[in-house]
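Heads up, the next two complexes both have subunit A, just with different partners, subunit B and then subunit C.
Showing the complex of A and B:
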C-alpha cells in the first residue's frame, strides 16, 4: 500500500489524490526537490482551489464548446426542444464550403486582418513604445494621444470611421474632393468591396497600435537599465542594443503580444458589424456565426459549424503557445 | 533576472489562451443552454385560443372589461413611441383594460424575437404581416385571434385578411397601418424644371436622362443596410413578371434560375446608370437627404422616407407616384409593395378576454388614427377610418393604394427569414449591385443553391 501511494505520488507530485497519513505522502523528491508534506486540510483546500476553477472552466468553456461541436452536425432553428433538432451529418460543413457564399471571403478577410495586425500594426505599436520609452519631451502627451483610441469601444470607433468615410458628408471625400458631386469622381470607401476592408483596417490598426504600445511600454519599463548600460559599454548602438539585448530579454512579453494580436484578429467583430453588419466585403467568421445564430430565423446548427471552424483555427495558436511555454518550464 | 518575468507573463498568457477559447465559442455557446429547458410542445399551444369565449368580450364602446395586459413594442423612436402610448391610452379608456408597454429598440426587438417568444413574452407584441407573421405562427409561438377577426373582420379589405392569415387558415395578426413603396420627389423641383410625372418606363427613362443633363442624380439610392434594394427588386419583378410569379418566387414555388428572373436583373443593370452611384456605402437616410436637398430628382422607397424631412414646409413639398408601368400584360394589376405593421398575440397570454377586448378596440379606426396623428407617413389599415383628417401626403398614399390591385409585403416579409436576411438576399443583392455585369446565370444559380440548402420549415 505504502509503495503504491509513493509510486503514484511520484507520477503526480503536486496532487496526491488517495488518502493516507501524512507520512505516507512523504516522497523522495526528484532532482533535489524537498519532501512533499500534505495534511488532510491542505488536501481539502487544494481540492477546492483546483476543483472550483476546473468546474467553472469545464462548465462554461468545454461543455458549451462540445455542445457547439455536436450542434454543428444538426439542423435546428432554435425553436422548441430537443425533439426539433435534426441530425444532418456533415451537410452543414459541405454547404459551408460549397454553397454558402460569405464563407470563403470571411476566411480570407480574417487572414488579411491577421496579416495586417501581425506585420504592420503590432510592429508600429512596438516601435512607438520604444520611442516613448526614451523619455522624449512631451512623452506623456504622445502616450495619451496614442492610447486614446483603446479607451473607446470598437463600436464608437465604428461610428468615427463612418464619419470619415461617408460618401457625401464624409471628411475624407470632402478633403480629397471625391464626393461624386459637381462632376467629381466618387470614392465609395465603405461600399466598394475592394476598398472597404482596408479602410476599416486603418481604424482597427489605429486602436490596436495604442493597445500594443501600452503593453510593450510597460514591459520596456521593467527591463533592467544595467543591461543597456552594459551594452553601451560594450559599444553596441541603439539598434543593436534593442535587437540583441532588450528584445530577447522581453521574450515573455513578446509572446503575450503575439497571442493578443492573434486573438484580436480572430475575434474582430464590432467594427464591421457597426459599419454594415459584416456584409459586402466586410465578412468575418465571427459575424457569420452571429448572423446565423442570432436573429429571427436562426440556423443554430449551421452557425455552430462556422463556430467550430473558428475554434479549430484558434486552437492552432493556443497549442503553439502552450507547447512553447511548457518547454520554458522544462528547462 | 529574466526569471522574474516569466511567472506573471505566463499566467497572463494562460488567461489570454482561455479568453481565446471563450471568444471563439462564446457566440456559439449562447444557444446551447436553451436546449434543455425548452420542453413546451408547440403543437399543443395552438389550440386553446380558439376556445376563447367570444361572448365574454364586450364591444369596444362598452367600458366593462377591465383586467390588465402587457405589450411588447418595437416603437422605440420618440415619435412613434409616444403615438403608440396614446393609442393604448385611448383603448384603456374605452375598454378598462390596463396596459403596460415594454419598449425595446426595434433592431434588437427583431433579432431577439425568436428567443423572446420562447421565454416569457408580453401578451401582445408588435410585428409584421405576411410570411414573417406566418413563420412564428407556424412554429406555435403565437395565438390566433379569430375571435377578434370575427368582430372586426368586415372593417378590413381582403388583402389585409390574407396578409394576417397563417398556413392553418387562422388569423394571427391585427393590422394597424401600412405604407406603399413609391417614387418620391419634391414638387417644387419638378415645377421649376418643368418635369412631368412619368407613367411608363420609357417616359421614366426619358425623364432620368433629362435630369442627368440638368446635373441631377435621377434616382437617389442607398443599400448599405442590405434591405432597401429589395424594394427595387420587388417592383421590377412585379412589373415584368406579375404579382403571382413574384409571390411564387418568394414562396419557393418558382426558381431563381428562371429566365424571367434573369430578365429582371438584366433590366436592373440597364437602369443602374440612373441610380445614385456608391449605393453600397450609403444609408437610406443619406439617400433620402439627397432627394430632399434636391441633389437627386427622385427616390424609390417606402413613404417613411418622409421621416427624413421633419420640417413641415419641406414635408408638404414631398409628393410621389407609383413606379412606372412597363407596357405589358401586368400593367393593369399595378402591383405594389405596401408592408403592413400591426400586432400579434403571444402563445401564453394570461388574460384572453382582456386581450380580445383590447385588440378589438385597437382595430377601430379611432385607435389607428390616434396613432397616425403623430406619424403621418403611414395610412390606417381599417377601411372605415375617417380620412378627412389626413395630410396631402397621406391622401396620396390612400389614392395609390386604392389604385393598386395586387399588394405584396416586401421581400423580407414575403419569404422565409433565413433566406431574406444578411446570409441570403441582402448579401446577394449587394453582390449584384457591386458587380452588375457579372455572369447572371452563375449568380442566380448561387441564389437557388442557397435556397435549396435551407432546411425544410
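Showing the complex of A and C:
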C-alpha cells in the first residue's frame, strides 16, 4: 500500500525521542523540496489523534480477543477473584467436542446457515443487482423494496417472523389450514426441530439478499461501460457478457461479498435468540458462547473455548479481506 | 437471445426484446411485492383490533382498522422510556465514533507513519470479528474494571450507558476509519501543504481544512452508524442488567412475554420500533446506500 505516499515522503532523521512514536513520523510529501519538519507540539497532537482511537479499539476489541484465547485454557466460574482461575490445558476443548451435546448441532447449523447464504441468498442478491443495473423504469421502487429489510433491526425481523410462523395466529398456518385447531393438523414452524432452522433462514435471507444487492449494485455501477459495449460488438449475449467480462472485472467486489457472506453466517445470533434463545434446533456457536456466560452457571473458560472456535473460523475470511483491501489502500 | 442484440434487427427481434422486458418487469415487481409482504402484513395486523382477529381469524378482511394496539403498546410497555435510553446510547456513540474515526483517518491518510498499514489492518480485522468472540472476557472486564463516577453510577462499566457506548465506538471505529481514510487520500496534498505554509498546526488542518471536505462520507457514515447502533440489541442484552435502562430493541424482547398471545400488539410494537429506521430509510436513502458502497468498493 501507500507506495505513492512512501515515494513522495522523506524520512526525517531521528529526533530527540519523546515517546517512541515521534521517530516513526515522516512529513507530508513535499516533492523536490526539503523535508517539512513538524513541530513537537504537532507530533504530540498527531500521536493523540491516532493514539486515542487506537487505544479504545485495541483495549475493547483486541485485548478481550487475546483474553478469550488465554481463558480458553482455564477453568473459572467467575465467582471470587482472578486467583481462582485454574489452568486446565486443553480440557475445555476436549469436553467441547466429546461431552457438550449442543456443540456439534451448533456447528452443523452454522454450516447450514453458511450454505444457504452462500448458495442461495448471496447469488439471488447478486442476480437482483444485475437486473437492477439495467436501469429499467421503476428501478428505484424495486431497489427500495428489496433493501427495506436491511434497515430493520433483527429483533424486529424476529417478531415479524413470528407473525408468519405462530402456530394458531400465524399467517402461514392460517393459509395452509394447519393451525392444529378444529381437527386440523398442526405445523409448528418454529417449534419443530427439523423445520425451525429453515423457517428462520427464510427471514435471515430476506434481509441478507437486500444487503448483498446494494453492495453488488454499487460495484456494478463502477464497471467501465465500454467493456460491455465491446462485448456486445463482439456478439456476446447478456449472460456471456456477465460471466466472461463483468464478473471477472468485479473480482475485488466478489471477494468482499464472499467475506461478508462468511462473516454474517458466523455472526448469526439475533434472530434465533429472539425466537427461542437459540434452543431446540436453533443452536448456533454464537449462542452457545453467550449461554455459558449468562444464566446461573457461568463457565468462563468453557465459553471462551467456544469463542476461540468461532475466532479460528473467522480468521480465514478476515485474512482474505485484508489481503484484498491491502491492495486497495494505496489507491 | 443473441439475435436480440444484433444491430438492425427485424421487427420480430424487437418484439423479442419487448417481451423480455415485460418478463423482467413482472419478475422484479413480483419480487418487490414478496419483499414488502412481511412489513405490509405486520402493518395490517397491527391496525386490527384483537377481538376482530379472534373472531374472524388473522386471514380475514373485516375493514375495521384503528390505532388501539399502538396506544396500548405505547402505554403498557412504556416505550417512551426505552426510546430515551436508545437516544442516550446512540447519539454519543455516533458522534464519538465519527470524531475519533476521522482523527485516526486524518493521521493515517495525510501522514506516513511506519505503523499505518498495521493500524488499518488491525482496525479492519477488529470490525469483522463476530462480537461473540470477545463477549466472555469483555463481560468480566466490565465487572472488574473501575470507571469514574460521574459517567458511571456504580463505578463500573457493567450495567452503564457509558459501557454500551464505548463498546459500540470501539467496534465501529474500524469501519469508519477505513472509509474516511480512503476518502481523505483522494484529497489533493497541496491543501495540507498550503495550510502548513500559512502556519496552521495539525489540529487546525484537521478541523478547518479536512473536516469540511469530508462531509459527504461523514453524512453517509452517520446515517449508517445510526441505523446499526439503533438496531443492535446484543451488547445491551449482555452488558446491561437493569431492565429500565435497556435500549428499545432489547426492551422489546423482554416485553415479548407480556404480549405473547397477542400478535396484534407484537406487530404494533415492532412497527413503532421500526419507525425511526424507516424514517432514515426514506429520508436518507442515498446516504445509506453510499455509506455501504464506500465500505465495499473503495479499498
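We take it that the second predicted complex is superposed on the first by the 254 of 331 C-alpha atoms of A that agree within 3 Å, B and C clash if a C-alpha of one lies under 4 Å from a C-alpha of the other, contacts with A are read in each partner's own complex, and residues count from 1 in each chain.
Everything below uses one rule, namely that contacts are C-beta pairs under 8 Å (C-beta built on N, C-alpha and C of every residue); 3 or more make two chains touch, one makes a residue touch a chain.
Note that this is a predicted model, so its numbers are computed, not measured.
Trainee: For A:225 in the superposed arrangement: first (subunit B), second (subunit C), both or neither?
Mentor: A:225: touches no partner chain.
Trainee: On the A-aligned overlay, A:210 touches which partner chain: subunit B = first, subunit C = second, or both, or neither?
Mentor: Only subunit C; A:210 stays clear of subunit B.
Trainee: For A:169, select first, second, both or neither according to whether it touches subunit B, subunit C, the two together, or no partner.
Mentor: both
Trainee: Looking only at contacts as defined up top, I'd like to know whether subunit B or subunit C touches more of subunit A.
Mentor: C
Trainee: Looking at A:146, would you say it contacts subunit B, subunit C, both, or neither? Reply first, second, both or neither.
Mentor: second
Trainee: With both complexes superposed on chain A, which partner does A:235 reach: first (subunit B), second (subunit C), both or neither?
Mentor: second
Trainee: Would you sort A:65 into first (subunit B), second (subunit C), both or neither based on which partner it touches?
Mentor: both
Trainee: So in the superposed three-chain picture, is A:274 touching just subunit B, just subunit C, both, or none of them (first/second/both/neither)?
Mentor: So A:274 only meets subunit C here.
Trainee: I'd like to know which partner A:193 touches here: subunit B for first, subunit C for second, both or neither.
Mentor: After superposition on chain A, A:193 lies in contact with subunit B alone.
Trainee: If you lay the two complexes on top of each other, which residues of subunit A touch subunit B in one and subunit C in the other?
Mentor: The answer is residues 57, 60-61, 63-65, 67-68, 71, 78, 82, 166, 169, 222, 252-253, 256, 259-260, 263, 266-267, 286, 289-290, 292-294, 300, 303-304, 307-308, 310-311, 314, 317-318, 321-322, 325, 328 of subunit A.
Trainee: Using the touch rule from the top, collect the residues of subunit B that touch subunit A in their complex.
Mentor: So the residues of subunit B touching subunit A come out as 1-2, 5-6, 9-10, 12-14, 16-36, 38-40, 42, 110-115, 118, 132, 135, 139-141, 224-226, 277-282, 286, 290, 295, 416-418, 421-423, 426-428, 430-431, 434, 446, 449-450, 452-455.
Trainee: Where on subunit A is subunit C touching in the complex?
Mentor: 1-2, 5-6, 8-9, 21, 24-30, 36, 38-39, 41-42, 45-46, 49-50, 52-54, 56-65, 67-68, 71, 78, 82, 128, 131-132, 134, 136, 138, 141-142, 144-149, 151-156, 159-164, 166, 169-171, 174-175, 203, 206, 210-211, 214-215, 218-219, 222, 232, 235-239, 252-253, 256-257, 259-260, 263, 266-267, 269-270, 273-274, 285-286, 289-290, 292-294, 300, 303-304, 307-308, 310-311, 314, 317-318, 321-322, 325-326, 328-329, 331
Trainee: Subunit A touches which residues of subunit C in the complex?
Mentor: Going by the criterion above, the answer is residues 1-2, 4-6, 21, 24-25, 27-29, 31-33, 35-36, 38-39, 41-42, 45, 53, 57-59, 100-101, 103-104, 106-108, 110-117, 119-126, 128-141, 144, 166-167, 169-171, 173-174, 177-178, 181-182, 185, 189, 192-193, 196, 201-203, 206, 227, 230-234, 237-238, 249-250, 252-253, 256, 261, 263, 266-267, 269-270, 273-274, 277-278, 280-281, 285, 288-289, 292-293, 296-299.
Trainee: Which residues of subunit A touch subunit B once you look at their complex with the stated criterion?
Mentor: 57, 60-61, 63-65, 67-68, 71, 75, 77-82, 85-86, 88, 95, 99-102, 165-169, 180-181, 186, 188-193, 196, 222, 224, 227, 249, 251-253, 255-256, 259-260, 262-263, 266-267, 276-281, 286, 288-300, 303-304, 307-308, 310-311, 314, 317-318, 321-322, 325, 328
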